[in-house]
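Below are two complexes that have chain A in common, paired first with chain B and then with chain C.
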Partner chain A sequence: MTRRDKWIPYGLVAPYILHFAVFVAFPVVFSVVLTFHSWNIISPMEFVGLANYTRLFKDRLFWQAIYNTLRFLIIHIPLQIVIALALAELLNRTIRGASFFRAAFFLPVIVSGVVVTILWQQLLGYNMGMLNRILTAISLPRVPWLDDPTVAMYSIAVMVTWKNVGLYVILFLVGLQTVPVQYYEAADLEGATSWQKFRFITLPMINPTIFTVVVLSTIGGFSLFIEPYIMTEGGPMNSTLSAVMYIYRQAFQYYHMGYSATLGFFFALLILFVVAIQKRYVEQEI
Partner chain B sequence: MHKLLPILLILLTSCENRRTDQALVFWCSNNAGEIAFAKEFTERWQKQRPDKPLRYQPIPEGQSSEEIILASVVGKTTPDIYANLWQGLVEMYAKAKVLVPLDTLKGFREFLNTRCDSSMIAEITSSDGHIYQVPWKVNPIMTVCNTRALNGLQAAKPPYTYSAYLEAGRQFKQDKNGDGYTDQWLGYTEVKPIWYQRLFNFYPLYLAASNGAPLIVKNRAVFNNPYAVEVFRFLQDLYKYDYFAKERLSATRDPFLAQTIATQFTGPWTVGFLEKFKDPGFAYGTFAMPVPDRHQGPVYTYGDPKNIVIFNTCRDPQAAWEFIRTLVDPPGDLRLMELTGQFPRRKNLDTDPYFAGFLQKNPLLMPFARQTRYIKGVDNCEVIVEVFDIISQEYEACVIYNKKTPEDAIRDAAQAVDVLLGN
Partner chain C sequence: MAEVRLKHIAKAYTGDSRVIQDVSIDVNDKEFVVLVGPSGCGKSTLLRMIAGLETITDGELFIGDRRMNDVPASERDIAMVFQNYALYPHMTVFENMAFGLKLRGLPKDEIRERVSKAARLLEIENLLDRKPKDMSGGQRQRVAIGRAIVRNPQVFLFDEPLSNLDAKLRGQTRIELQKLHRELSATMIYVTHDQVEAMTLGDRIVVLRNGDVMQYDTPLNLYNHPVNQFVAGFIGTPPMNFLSGRITDAGPLRFESPNQEVMIDLAETGYGNALKPYRGKTVVLGIRAESISHQPFTDRTFHRQPVVVEALENMGSETLAYFLVENQRFIARLSAEQNLSFGQRIDLFWDSTKFHFFDAQTEQAIQP
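What follows is the complex of A and B.
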């Protein structure tokens, strides 16, 4: 091995190391340092010790944003899994136009989130929205889809589910197609019902897929931002204010970079914790 | 390696942000009127002062001019002069020491005294006693009314007191298609809890009710008073009785021109729009903001002031000030009005003979010109955005959703602002 050959491996990994150092390692370390500082971008940083952490625990709006995000996840994840699995089951059977339906379900996934959100905003408007116009036309009362603090998060969860369900249908479909047909044939010989086959063959066999879907939905749900930002600005009465939106607001509306980094750091730990619990639960239960 | 050198060179030179020419750089707003204004005055300056080269540039495109300015401050790529800075942000930049204290420049104080009255000067003086902004232009927020529609009602005519306005709302509100829901309202004003939206509903009404009282004095919230409570109650009633729409009315046409609403709180920019798109026979008038029934004295409003600043990256602040002076002397102010339809922030605008010709030619702008006597900006407070955000939260809970009494909402907002200010 020549002296030049010895350096080739280092040269080959250097671009990745450089990318990692600049875009991952440095921002992470810098954010941790920021959590101990007060900084509004334009003035010099000021060391504040643990003040940002103490503030976090007293910040009622942040905890409401966390609560809202968890509420969103509780509505969104089961809805996403049930609908995606049901659609995948249907598409897994020999039905006419299966390719068309696969493409149709996937279409919203590739449409810009902003476009989808604006469309749904038009659909869900109280006075001008198409949904309420239909309700009025059939003599049903209008629903304040986005204007009632108790309803708005459900509307957003349904919209996000509609947008993302196509991706999970494809994932489930892949999972379902890996289940060996011999298991079902054996179950048929034993006289198992459709539900029994689903419960005792399909679900355990697609367990890894379910876990993937749960984790992806959870992380996606935790990063809820575009939809409430465009549709409701976090309202009504902060009922759709997500944690990411609140972190964004602290950083780019008030320029509280130190506090915002603290919220982000705490939030990342929370996501890690929730995903770890999910992993344990999903592996044990199914 | 030698092949990579030109690429590295290009990358390095493109990263170079220092200006190589000696010209002063003047950033203007990027609307057509203000670009024409900047171009005209820059060309004039270049002819008069070839020894002090200067070029104008519309502010780079971005989500908002505030974000662009912040990015340029952080990247130290600020222009020498920026015209169009919202008054509420000046204090933050002043405290960060990125602005030139203009009162240290020769001729500034004398000029300011001829242009502005003492209350205006007090309003723009920073907490450290220096002045970092040239008061430039304003757009007073007023009530524009569909006079034909409102004159047909039995209610009192504008300008309105709260009870007359509510009565007009009661009479004007209608369910035209009989589906059981209102589809014609007295007005609409943005309901979202976004801080700057309060500058166009709560704040002008508060200034009108209180004869221009501040929100913050000596780092303390001073708006827990009957005026603010009354404004919240008035707005709450407008929504409670469905006189104001809660939803943005942006179907196919402007709701005011479509007569879906009959009043709006807006600035002089609306006049150009209405004149361009109104139907034949559509009549409207501009009036002061509604006031409490027992109100006495002049009716103040929010002036939406945008001012001119010099950044401390400027190598020749005196020359920059001399250029700014050409923008804000009487000929500069007149051209501003002619080219942009906006108003200069100067005393006695409506009675100054120098501007009389323009106002006679544009009578629809006259009410706004008169209103410039009674306008306020925002208080000099580094966290004014958060102050309005706190008010917005309480506004939503009380005014829009009726979940709090006006007294509780204003008290809670004032307490939260005091906590924010460290009291």
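What follows is the complex of A and C.
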């Protein structure tokens, strides 16, 4: 190997290393550094020790945002899993137009979140929304889908589920197709009903997929931002203020860069903790 | 009371091409019937139709007195052992065996009793807490059988259950299956492509080819009186030797191979009358390897054939000698103490009372 040859491999990986250093390693390290400082981008950074952390624990709005996000997840994750699994079960049979439905369910996944959100705004509006117009047409009272603090977050959860469910349908379809047909045939001979086959064979056999879907939709759900940002701006009464939205506000509206980084750091640990719990209780060895 | 009756059963997947043509079989109560044939003959499809895993295109299926065509698999009271066992990987052996009983809502005590009884019978009591992935192929196979017998079904179906085992274990398991059949005294239908398994296990054997029944008979009858050339060639190892030739009657009635390498006087074979109508026509002579000897028979008629030894396989107890007749490979099963060598010219003696003749056109056996 000549001297030059020796450097070729390094040259080949250099673009990636550079990208990783600038866009991953540096921001991570910098944000950890930031958590011990006060900084508004313009003035020089000022070391504040653990002040950002003590502030975090007293910040009622942050905890409200965490609570809102959890409320979102409580609806979103089960809804997502149940609907995605149900649709995947239906699509896994040989029905006419299965590939059409597969594409149709997947379409919202690739449409921009902003577009979807604006579309749903039209659906969920109190006076002119299509949903409420249908309700009034059949003499039912209007529902304040996005205007009632107790309802708004759930409306958003339904919408986000609608947008993402196609992706999880595909994941579940893959999972369902890995279950060998003999298990169902054996169960048929044992006298199992459709429900029993689903409960005792399908569910345990696709546990790895379920776990993947739970983790992915947890992480995705925790980063809820675009939908409330566009639709409700966190209202009414901060009821749809998500944690990420609050972190964003601290950084780019109030320019509390240090505090925002602290919130982000803490939030990442929280997600890690939740996923670890899920791993403990959802994942089963086959 | 669980006889299984198939009446003109047919199966087509798409259009007109039938994988099962027209199969009629009666399996008696407590009988062990083996479906055997080369791959693609429809034996597994037939079994799956009996199980209710495939629909029946045409014909009628009865189990006991009940017509089962439209009865779902779960209500046919049948247990099946699958080729790859189909044990649920997330359940322990106990849970696997108890699954069907649990679904039927049997009380826990009875489930435990039945499972441990079956486990004792199959000597797998020490495996009850294991999961399938922690067991050997032979152990899984026992569990699969255990899962079938706990339910005490009317009929047992086996779909090539031994094909994933090594040769030694296959032999042992064959004997255990025989024993099991005696102990359970249940109706069993068993699919295999291995004619040795068929011969050793079956009370009666159905030989299938291209979705049709070739012959349905006891193992010995299949062996001694095959109804056509396919059955004759399929049953028995090494396979029966075949040689086509013409029947001539210039002088006594004779069988002549194309180049006159083999000329047999038919008067001494018992086929003298039966082959008269075939004068001038082509027939196929069949002779099994064990009906060829290296020394003349003293108590029966024989045909002397000079041959050149082409290859030898010494099995210890016997020697398989290969030689060419009319450029076709023949096998003779000779006693082991022969001092034979390759290329040696010897006379072999064909037991002419053990000849089979088949119509070359229809492949049907010609009865003596």
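To be clear about the criterion, the second predicted complex is superposed on the first by the 283 of 286 C-alpha atoms of A that agree within 3 Å, B and C clash if a C-alpha of one lies under 4 Å from a C-alpha of the other, contacts with A are read in each partner's own complex, and residues count from 1 in each chain.
FYI, contacts are C-beta pairs under 8 Å (C-beta built on N, C-alpha and C of every residue); 3 or more make two chains touch, one makes a residue touch a chain.
This is a predicted model, so every value here is computed, not measured.
K.L.:
Could you look at A:G235 and tell me whether it touches chain B, chain C, both or neither (first, second, both, neither)?
P.N.:
In the superposition, A:G235 touches chain B alone.
K.L.:
Based on the superposed arrangement, let me know which partner A:F200 touches: chain B (first), chain C (second), both, or neither?
P.N.:
Only chain C; A:F200 stays clear of chain B.
K.L.:
Once the structures are superposed on A, label A:Q182 by its partner contacts, choosing first (chain B), second (chain C), both or neither.
P.N.:
After superposing on A, A:Q182 lies in contact with chain C but is clear of chain B.
K.L.:
Mind working out whether A:E190 is in touch with chain B, chain C, both or neither, as first, second, both or neither?
P.N.:
A:E190 contacts chain C only, not chain B.
K.L.:
Examine A:R142 and indicate which partner it touches, taking first as chain B and second as chain C; both and neither are also allowed.
P.N.:
first
K.L.:
Of the residues on chain A, which ones does chain B touch that chain C also touches?
P.N.:
none
K.L.:
Using the touch definition from the top, list the residues of chain A that touch chain B in their complex.
P.N.:
By the definition above, chain A touches chain B via 40-43, 125-128, 136, 142, 147, 149, 232-238, 252-255.
K.L.:
Using the touch rule from the top, collect the residues of chain C that touch chain A in their complex.
P.N.:
51-53, 72-76, 78-80, 82, 84, 86, 88-90, 99-100, 103-104, 147, 151
K.L.:
Enumerate the contact residues on chain A facing chain C in the complex.
P.N.:
Its residues touching chain C are 180, 182-183, 185-193, 196, 200-201, 204-205, 207, 284, 286.
K.L.:
Can you tell me which positions in chain B touch chain A when the two form their complex?
P.N.:
Chain B reaches chain A through residues 67, 70, 73-74, 92-93, 95-98, 179-181, 183, 192-195, 245-251, 383, 385-386, 389, 393, 396-397, 400-401, 403.
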